[in-house]
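Read through the structures below before going on.
Same chain, two partners: subunit A is paired with subunit B first, then with subunit C.
Coming up: the complex of A and B.
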């Protein structure tokens, strides 16, 4: 066998296996999702009954489903805050402070903990009578806090969980971006007499602008798709005050056996996210032209 | 060369995995075919009642009681010892209500399983084998008639029954100076005040986990307790899903919440903590069923300190069937499955259960106390499937709504929420009920 033929086999092998996996675990389920969204499947019956676009019409007619996006807004705001916090930590840990690798590792740790485990941990932290947080607050003479209540603030309590989990990840993205800036630029700036904030505003920011946008989009995307915090901690209640779009669709599928309608919600969210990606594309393109 | 070896290895590995799948499947089919023919010939040979058909084959029994795994294994071993040549396997599944429908959809239903949503009497025949030929009648098994499908055949039977009532901690009652259990709702409110004064949480809800409050808002529980020939679920025939009977029950919890007589923060009151609190007397009462008290004893409470009394003012004690078990219509060993279901009906798996089989004596102290107050048990007459169909169509989760209703501070807003659901119910009802 000539080495060229060998190379070809390897290339084909490496190309096809990921392609098959991708088709099997990404595109096939997607096609199935779209197919199911036109049926009234109950999650069990062997036959699919097609009902046209009734699921989509139902969803568009149900205002309360879209009002869940107002709960998602708490996660969006937290995601934006998370960018600032991540960037702040990245700048801090990119400077010459001691033990910065240890700090980075500690901050990144929450990201690799299983999400369900994190939710259970916070479930305990947010418990009114047994929470260690409330214990400390009471010891300090401050009134205990109802983390989970009927107020909108509950959404922020829940979104803080994602903040805690993902801020380390955001930080790592920014650290990588910061390290890609040549150190000569910083040196030149220092010689020219630029201070900390001057360097930040005129060198750091412009250089990581595109990374900032990517990270922001990733976080926004995550904020729209969030479900496990409300699903595991509040079950969307009370009265849907903490339900998100996805937690609502899971409820439809598992509580009312409306898999078809839940699939249609999935497709709608997919379209919303694709719209967001399109907006980002346009923004990034603009950026390139400016450069 | 290295690359080639690596590629060869990868290919061999993936091929062997695929081959593994194929051969496994073949073997499985081979075994079941053999099992089937054996069962059939055995059945054909048996004549009359005297010759018991010899059982062969293998069945899988799926239960949600992960806590009984070891008991199940011993139970199955005993059956297999008495019936050599059979294999009975128990499979315990934690997320039963989610897993079983998926398994059924994939054509891999266990041989014996119990009814889960969305199976109802309209669709029993799609999933279960008729079991009219088991050696039981309505005289032997409680709720026997409720196991019939819409086509009149019998498909499912309960192994256990339970009675609905107030579970209470007698020590907590004593510490609050309460000598007799409350017989009316007014007495109940008075006792709650006394308990609160004594620093004891009068009623535990475990509201955060939502399901534990089902007895307060379950249509069957509430209507049977209210009495007046409400043994049958008639909601599909009326325009109000939340009528006065339902709201009376829900308002008791709403009043207790307003008076601060439930857990301190009901949004974080969870099941495990609640059970511990009631077992230790920090919580005095909980409205549930006879399957529960045993769990407080397991958590360290003295059996004599835990008791049950009928819901204050109850006209009846709701008697309910436990999970309803049936045989998968795709089972490969129907005779063995039937024999094992009969065995389970005659030999309760757990001593803590109250058997549905009337021929087995009940010695449960909690049931004895509950029935000693002179309120008669009554069991619900199964309504049509329209009730659950309408409820699913309008996406009403009665327990979730109950939590919302209790926590809504403004009375007018709470009433508005009730009116909204009633309007939705009235609008959807004609789609499911004929002649309306």
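Coming up: the complex of A and C.
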């Protein structure tokens, strides 16, 4: 057998199973999702009835859609805050202090803790009567807070859970980015007499600008896909006050058997996210060309 | 030779010389540390109290008996954590090696071979990394059902193997750093392409594989959605904890013990493998 033929056998052999898995669990679901979004499938009936773009029209014409998106906005704001908090911590960590590795290890730790455990832990922290947080507030003479209530603020309480879990992760990423700035640059700035804030403004920020843009887009992307905390703690309630785009679509499918509509929501979200990815690519390319 | 850089935070470019500035840096970082530990210590504290003690003395009193494991025993039984930990273990032991095997195989082909549709194959693996899994859940659910895998451990196993595509790109980067001369000299010595894969490439990839294994283990252990969605009757550690929601949710000492039970295994792993985990996470993100 020629070595060419042997190579071909190896290529096919090595790629065969991974390609099948890829087709089955990445491409087929995508195709299926798009197909279902044009039907009124209820999850049971054996044949699909196509109803054109009615699901899309329904969703885009509903006020509910905007209220779920406005709930997602709380997560977007928290995610942006998390980026800056992470960057801030990274800048602090990147200075000449002792015990850096320890600080970094502790601040990163929440990232590896089981998400259900973290959500339930905060569910306890947020409890109204005799909760750990309210007890402290009362001791300080402040009125107890209904963290989980019918107010919009509940979304911030929920989004803070992922802030707690992921801010250390954000920090670690920025520490790596900051370390890629050559230390001679900082040295030169110091000799020129730049202070803490001067260095920050003229050295740190310009050097990690593209990283910052990408991270912000990624966190926006993540905030649009939030479902975990409302799903675990409030079930989207009360009255849809904390329903996010994904938790709403899951509820439509599994509680109300409106699979077609839920699929259409998935497709809409997918398109928004693809747009974000595209913007991110363009921004990165610009930065590379400017560099 | 291709060791993973241990990112011990090196030289400090940002020199703060005045005492007050340094004091503030320590202060702010310490506030962060307290923010991480405070909720964990609070639930640890509560988990060691009996219900009566909790009612009488509340959250912050020090437990009367620091070795009161009653809540842990109850949580362990009521959450079915024996089954949960075993199932999670099975998922890890089967999915992780297979995912790594397939991932390195694809990476080897894509970085060492030239063939006609290479670009198409490359793109085929790249595109799904942009599709967030959460958006296609409803369709994935249909496939799992159609394959008869619903409520079977196989659902989790096959999804963990089939949907982690990012690792391929990490492996490709590492393989590209291995000099092709190594392959060539092995070929001259008569090694076949398959032998090159497992005698040259795999050993060189060890550090990358090690971090990937650790991160995948953590990922599977911490994953709630896959077992909840596709195998609700097969409890894992995460879904076992979830089964406490409902009326038990307000029984805080029991609840706290259950939370600690599920949180502790990854914290222990983290204490020992912290450097690998952090460098693995940064390698995956900063590309």
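Definition applied: the second predicted complex is superposed on the first by the 247 of 291 C-alpha atoms of A that agree within 3 Å, B and C clash if a C-alpha of one lies under 4 Å from a C-alpha of the other, contacts with A are read in each partner's own complex, and residues count from 1 in each chain.
To be clear about the criterion, a residue touches a chain if its C-beta (ideal position, glycine included) is under 8 Å from a C-beta of that chain, and two chains touch if they have at least 3 such contacts.
Remember, it's a predicted structure, so these values are computed and weren't measured experimentally.
Trainee: Check whether A:94 is in contact with subunit B, with subunit C, with both or with neither, and answer first, second, both or neither.
Mentor: In the superposed model, A:94 contacts subunit C only, not subunit B.
Trainee: Between subunit B and subunit C, whom does A:130 touch in the aligned arrangement: first, second, both, or neither?
Mentor: After superposition on chain A, A:130 lies in contact with both partners, subunit B and subunit C.
Trainee: Tell me which partner touches more residues of subunit A in the superposed arrangement, subunit B or subunit C.
Mentor: Partner touching more subunit A residues in the overlay: C.
Trainee: Have a look at where A:6 lands relative to subunit B and subunit C in the superposition and call it first, second, both or neither.
Mentor: In the superposed model, A:6 contacts both subunit B and subunit C.
Trainee: Residues of subunit A that sit at the subunit B interface in one complex and at the subunit C interface in the other, please.
Mentor: In subunit A, residues 6, 10, 17, 127, 130-131 are touched by subunit B and also by subunit C.
Trainee: Help me check something: in the complex, which residues belonging to subunit A touch subunit C?
Mentor: Residues in contact with subunit C: 6-8, 10-11, 14-15, 17-19, 21-22, 24-33, 36, 89, 91-97, 100-101, 103-118, 120-125, 127, 130-132, 135, 164, 168-169, 172-173, 175-181, 183, 185-187, 190, 196, 199, 211, 221, 225, 227-228, 232, 246, 249-250, 253, 259, 262-263, 266-267, 269-270, 273-274, 277.
Trainee: For subunit A, which residues count as touching subunit B in their complex?
Mentor: Per the stated touch rule, the residues are 1, 6, 9-10, 13, 17, 42-46, 126-131, 146-150, 234-239, 251-252, 254-258.
Trainee: Can you list the subunit C residues touching subunit A in their complex?
Mentor: So the residues of subunit C touching subunit A come out as 7-16, 21-22, 25-26, 28-29, 32-33, 35-37, 39-40, 42-43, 46, 58-60, 102-103, 105-106, 108-109, 113, 115, 121, 124-125, 128, 130-132, 134-140, 142-143, 158-159, 161-163, 165, 192-194, 197, 218, 221-222, 224-225, 237-239, 241-242, 244-245, 249-250, 252, 255-256, 258-260, 262-263, 266-267, 269-270, 274, 277-278, 281-282, 285-286.
Trainee: Residue numbers of subunit B touching subunit A in their complex, please.
Mentor: So the residues of subunit B in touch with subunit A come to 3-4, 7, 10-11, 98, 101-102, 104-105, 107, 117-119, 126, 208, 210, 263-265, 267-268, 270, 273, 392, 395, 397, 400, 403-404, 407-408, 417.
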